[in-house]
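Here the structure is laid out as structure tokens; the discussion comes afterwards.
Think of it as A, B, C and D in the order they're written, each chain with its own count starting at 1.
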Amino acid sequence: MSSTPALNRRSLAWAAILLATLAVAPLWLPSYPLVTLTRILVFALLAVSLDVLVGYTGLPSLGHGAYFGAGAYAAGWVAIHMTQSATLTLLVASASGAAAAAIAGSVAVRAQGVFFLMLTLALGEMAHQLAESWQEVTGGSNGLYGIPAVHLGTIVLLSARAVYWWVLSTFVSGVAVLGCVAASPFGETLRGIRDNEGRMRALGYRVYHYKLAAFILSGAFAGMAGGLLATHQRLVTPADGGLGTSTLALFAVIIGGEASLSGACLGAALVVLIRDSLGASLGGRGPLVLGVVFVAVVYLLPSGLAGALRPAWRR
Amino acid sequence: MPDWVNLHFVSLLNGLAIGFLLFILAVGLSLVFGMMDVLNLAHGVLFLTGSYVAWFVAGPSPSWGGFLAALTVAALVGGAAGALLSLACDRLSRRTHLAQALLTLGVALIAAEVLSALFGNDVHSVNPPEALDRSVSVFGHAYPLYRLCLIAIGVVVAGAVHWIVERTLLGALVRASVSDRQMVSAVGFDDRRVKALVFGLGALLASVAGVLGAPIYGARPGLDVTVLILALVVVVIGGLGSVRGALLGALVIGQIETLGRALLANFASFLLFGALALVLILRPRGLLAPANGSRS
Amino acid sequence: MTIQRITRRGILGAIGASALAGLPGCRSGDKGSASEGSGARRVKIGLVIPQAGVYVPLGTDLKRGWDLFLERHGGKLGNHEVTTVVADEGDSPQSGVPAVQKVLQSDQVDVIVGVVNSAVALGSQDSIKEAKKLLLVANAGAGAITGAARSPYIWRTSFTNAQIASVMGQHLAKAAAGQRVYILAPDYAAGTEVLTGFRKAFEAGGGQIAGEAKPAFGKTQDYQPFLAPIRQSGAKAVFCFFSGAEAVAFVKQYHQFGLHAELPLYGSGFLTEGSVLAAQGEAALGIQTTLHYCAELDSPANREFVAAYRAKYDAVPTCFSVQAWDAANVLDRALAQATALDGDSLSKALASVGTIENSPRGPWSFDGQSPRQQVYLRKVEKRESGYVNAVVADLGAFSQPA
Amino acid sequence: MTTLSCVGLCRQFGALRAVDGVDLVLPEGSRHALIGPNGAGKSTLFRLLAGGLRPSAGRIFLDGGDITHLAETRRAQLGIGQTFQHSSLFLSMAASENIRLAAQRSLGRPWWPLPCSFPTVRERVEQLLGAVGLSGRGEAPVASLSHGERRQLEVAVALATRPRVLLLDEPAAGLSPAETARLSELIAGLPRDVALLFVEHDLDLVFRLATQVTVMHLGAVLMQGTPEEVRVSPEVQAAYLGTGQREDLFLPREPE
């Protein structure tokens, strides 16, 4: 991948155009496609947060849904019991995602390669089981339902449009922040660890602390995406943080092309579109379509969706 | 017998039966991963294929002939599928592990849907062959005869796989590839054929395990994921790329899934992954990682 | 019973469960609500049932019950021309809630019928409330749907978990007086509701619980570890609640490990209902369960229903088929009197529907938006046509326990 | 003031004593060469000093402090820089980024989460690119560099952290004569206070640059001294060229 992250002029222009179309989308989109687009943005933020871990630090995680779920449950619980302020619930969501990631990360980051993958899978499944059996707080397997609509100042985020704009603005700021971090010295250090952890150690970098910082940062933004889920869907179930979500997020990142935030968004959009809209109209054959897409992408687009869009020399 | 053992004798015995079934399933996954660094997410669907073959060929209450026919058909189907999957993965040999895992996941999704299209979404249960379909008394405890045979079959398969890996040329090639794949092809072995053989053998064992497991687990959509996770846990706990590791991991998980659940009933759901997390924290490369620590 | 068993197909399965079903045989596109049609009044109904995932057998039974009623009433409910839009609920709220939103917003339906999964029913409350449209739940059994989380727009024609289990608790307190009973259910919301319902009724009748176990939900295939403690608990009978693949696995292993000879097995009706019974086979012989319906019920309404069902689908109807049939039945009566199709007027109409005397399950009526219905004691017997749940007794009419 | 030293350093792999009781003193500003036939334990000694490997016995001191049990990262922070026999670089990045990553750890703030570039680091990168002869190649991705260029980049990355002790593992391996000449200029131009220990098979380079030479054989120190002493010593020639008849090397000796 080229040296400068995708912040140069040309891709900024692309991003501006895309942002403009997304911002005006609610004016011409009927309500159901708008809800689907909102769901894509929530899932895309989760994929972007995971890409910080997978694409930039080289740590593939199969349990990232846990921090997404932690954020969603925290936001939902706070909205039901304490305050319906949108910003506050979002902060609580990010904080609980980060906290969960700190606890899990401090243990997981020590492992390498497939052992890290399986350790994150194990920690994710334990979090999923906790959501199922901690009936009083998470509502058990029926999920946390009846989450009230949150409000931003005086505006109650109830209509599909209001929720969409709130989710879009949070998504954009989230991706912008992660884009900056990716292009920052810290981001470069993470990419160094991904490329050659041994050499980084030999240069005096305390690799464990950087990996843990990346894990927590990624968990925080996954928690933020969870907060958006609670606001948009107003229901959080254990499956939202379970293995299904974690796997979809990981492979959305891989389809999109690792180490490219725009790739993660594209991957997420493709996966959610197939699962929610296209797959549905085939009378339950969603997984089949997804399987075919996975196989096709892995063979036809070696560098993922993002790679396909970017001119060859900058690969 | 000491009172405690007597109390939990059936669970201990059952742990062995489930453990050996998991070994037959997981040993292929461990060798393939150790040798080719391919995380085969389609391994679960191979098991499910075996279970559906058992229901389709042998029928709900099979005769001896039916059961053996099911075993051979499953072996052929599994072996062929494994070889094909190996060739498919080989085209991605220069790509990352995750790209290969993505391929196997795609294949698994397609296969799962094809199976549910062919056999419907109902639960199909398969009885053991008539002769084995009864309980016998073991030290005064009633225990299904079929599961005792499962232990016997497991021991035989463990011995056979161990013999193949330790004593035969193919086994030597497998162990050599686990430590250094370039050297194996440099020495002149067609790397692709070796991989196809090992992948095929692993897949064959997984489908056969599917047939053997049908009387216990039956055949239903969703079983492939449950079994895949169990196999991954067994392989990782045991250490990648080693038969002994797969056997140890399988027996440990077998006991956790039976004795563990009997003792700590209300933590039943946490046990499997708690054990995995604990092992990975204490021994980051698995309990019995091969001496040189396979490059994962 | 809420077969709300999120059998987490994990990596492979949870992805499935598409949200927009194919639109079988009716015009697609999302024209506005069709009530103002030329002359003949029309109604658009969203049928949200599982078409992918592990609940597909239930979805099939629900759709058959619904289609059969429409076919026998000329495609009309309460002289309204019916357009059915089917949406796939899948096997988790991740796919179910979007399906409900799709039929509400995209297809602009007037009424939603169906929903197998309690989490979907509870999770869709807000969209239903905002759309002010009627949701007629044809299966989800969580008590909260018409209890704590009641909403004027959500009515139910199926059952609640505790309702079915408490009847068996009452019965066993008398029938197995003085014998301790061991109880068992999967570790998830519906399982907990069933055990609490049973325990409250059984202990109120003087019964004693010998022990309790809650195997991991969706993650237990081998029940041997839970069978061993049953023997050691000194119980004389076992009550349990399992569904789908877990019901098959539990009953077969209960038989294999030889417990069926010593300890009679009682259960909530779903243990041996529908395709599960065929898979259990001989292992299910003699199991007694309570349920609000039984295909063997000897009443004119049921005999006619079973004959029509068997003629059209060459299969025996299940309680799920009856629940969808009755959903159409009550809508037929409500639409006849309703002035408009919005949620409020339909709710008012439903409140005044009175007793549904011609239902195959026997006469029943709404009590707090959920059925007050007869509950039958059934026992598995072997007939030449295979294994069936024979009716042992009508244990009387019961409402949704508090 | 001695910078880096080790006393009785040993490392055993099972029965094989790869490093057997090595004593070494590396004062500030020394140019110390480590030579010996393949398998003499040179690379193992390097990894023991750099911290990549735990010693079986013996102790290592830096500025008098005992660093035997310090991790590799901590030793790097204390000023021990090293290059690797097989180039170990960051393949997805450009050459200048490789150097910047190394320089940033000490000169910039590597944990800084916002995009910015540190002037001191930029200067250091330009200066090092020029020093190793890669001035025009800064933006080239490492994957497209030739073997020689990669060896030069290795040295630049090691120098970027301003180490006080520099361990170079066969820096000239695979370099063309011109590149070797440039490398020896670079090494000669190193600041006086840097202590340099390098393994090299190119004996011309060794005898031109080294002020001290240690010859290792079968894990032990055979001889230590100035280049001239080592050049004429018979033991060194025997170790390198083998004893007596040449055939001993190739034909199995008949059992006496």
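Just so it is clear, a contact is a pair of C-beta atoms (placed from the backbone, for glycine too) under 8 Å apart; a residue touches a chain by one contact, two chains touch by 3 or more.
Quick caveat: nothing in here was measured; it's all calculated off a predicted structure.
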Notebook entry, point to check: Most remote chain relative to subunit A, going by C-alpha centroids?
Noted result: D
Notebook entry, point to check: Which one chain sits nearest the middle, judging by mean Cα positions?
Noted result: A
Notebook entry, point to check: Which chain pair racks up the highest number of C-beta contacts?
Noted result: A-C
Next item on the list: Give, as an integer number of Å, the spacing between the C-alpha centres of subunit D and subunit A.
Entry: 44
Check: How far is the middle of subunit C from the middle of subunit D, if each middle is the mean of its Cα atoms, in Å?
Finding: 75
Next item on the list: Can you check how far apart subunit A and subunit B are, centre to centre, with Cα atoms defining each centre and the answer in Å?
Entry: 33
Check: Whole-Å distance, subunit A centre to subunit C centre, using C-alpha means?
Finding: 36
Check: Which positions in subunit C touch two or more other chains at once?
Finding: 8-13, 15, 53, 56, 187, 216-217
Notebook entry, point to check: Taking each residue of subunit B in turn, which ones touch at least two of the other chains?
Noted result: 105, 108-109, 112, 225, 229, 269, 272
Item checked: subunit D residues counted as touching two or more neighbouring chains -> none
Next item on the list: Pull out all the chain pairs that touch, please.
Entry: A-B, A-C, A-D, B-C
Note to self: Going by the contact rule set out above, which residues of subunit A touch subunit C in the complex?
What the structure shows: 30-33, 35-36, 39, 128-129, 132-133, 135, 139-143, 145-146, 149, 158, 160, 233-235, 237-240, 242-245, 247-248, 275-277, 279-287, 290
Item checked: Contact set on subunit B toward subunit C in their complex -> 7-8, 10-11, 14, 18, 41, 44-45, 60, 105, 108-109, 112, 121-125, 127, 135, 142-144, 216-218, 220-226, 228-229, 257-262, 265-266, 268-269, 272
Check: Tell me, which parts of subunit D touch subunit A in their complex?
Finding: 50, 52, 71-74, 76-77, 82, 84, 88-94, 97, 100-102, 104-106, 108-116, 118, 139, 141, 157, 161
Notebook entry, point to check: Across the complex, what residues on subunit C touch subunit A?
Noted result: 4, 6, 8-22, 30, 51-53, 56, 87-88, 90, 92-95, 97-99, 101-102, 105-106, 118-119, 122-123, 125-126, 130, 142, 144, 149, 187-190, 192, 216-217
Checklist line | Contact footprint of subunit D on subunit A as seen in their complex | finding: 1, 3, 7, 180-181, 183-189, 191-192, 194-196, 198-207, 210, 213, 259
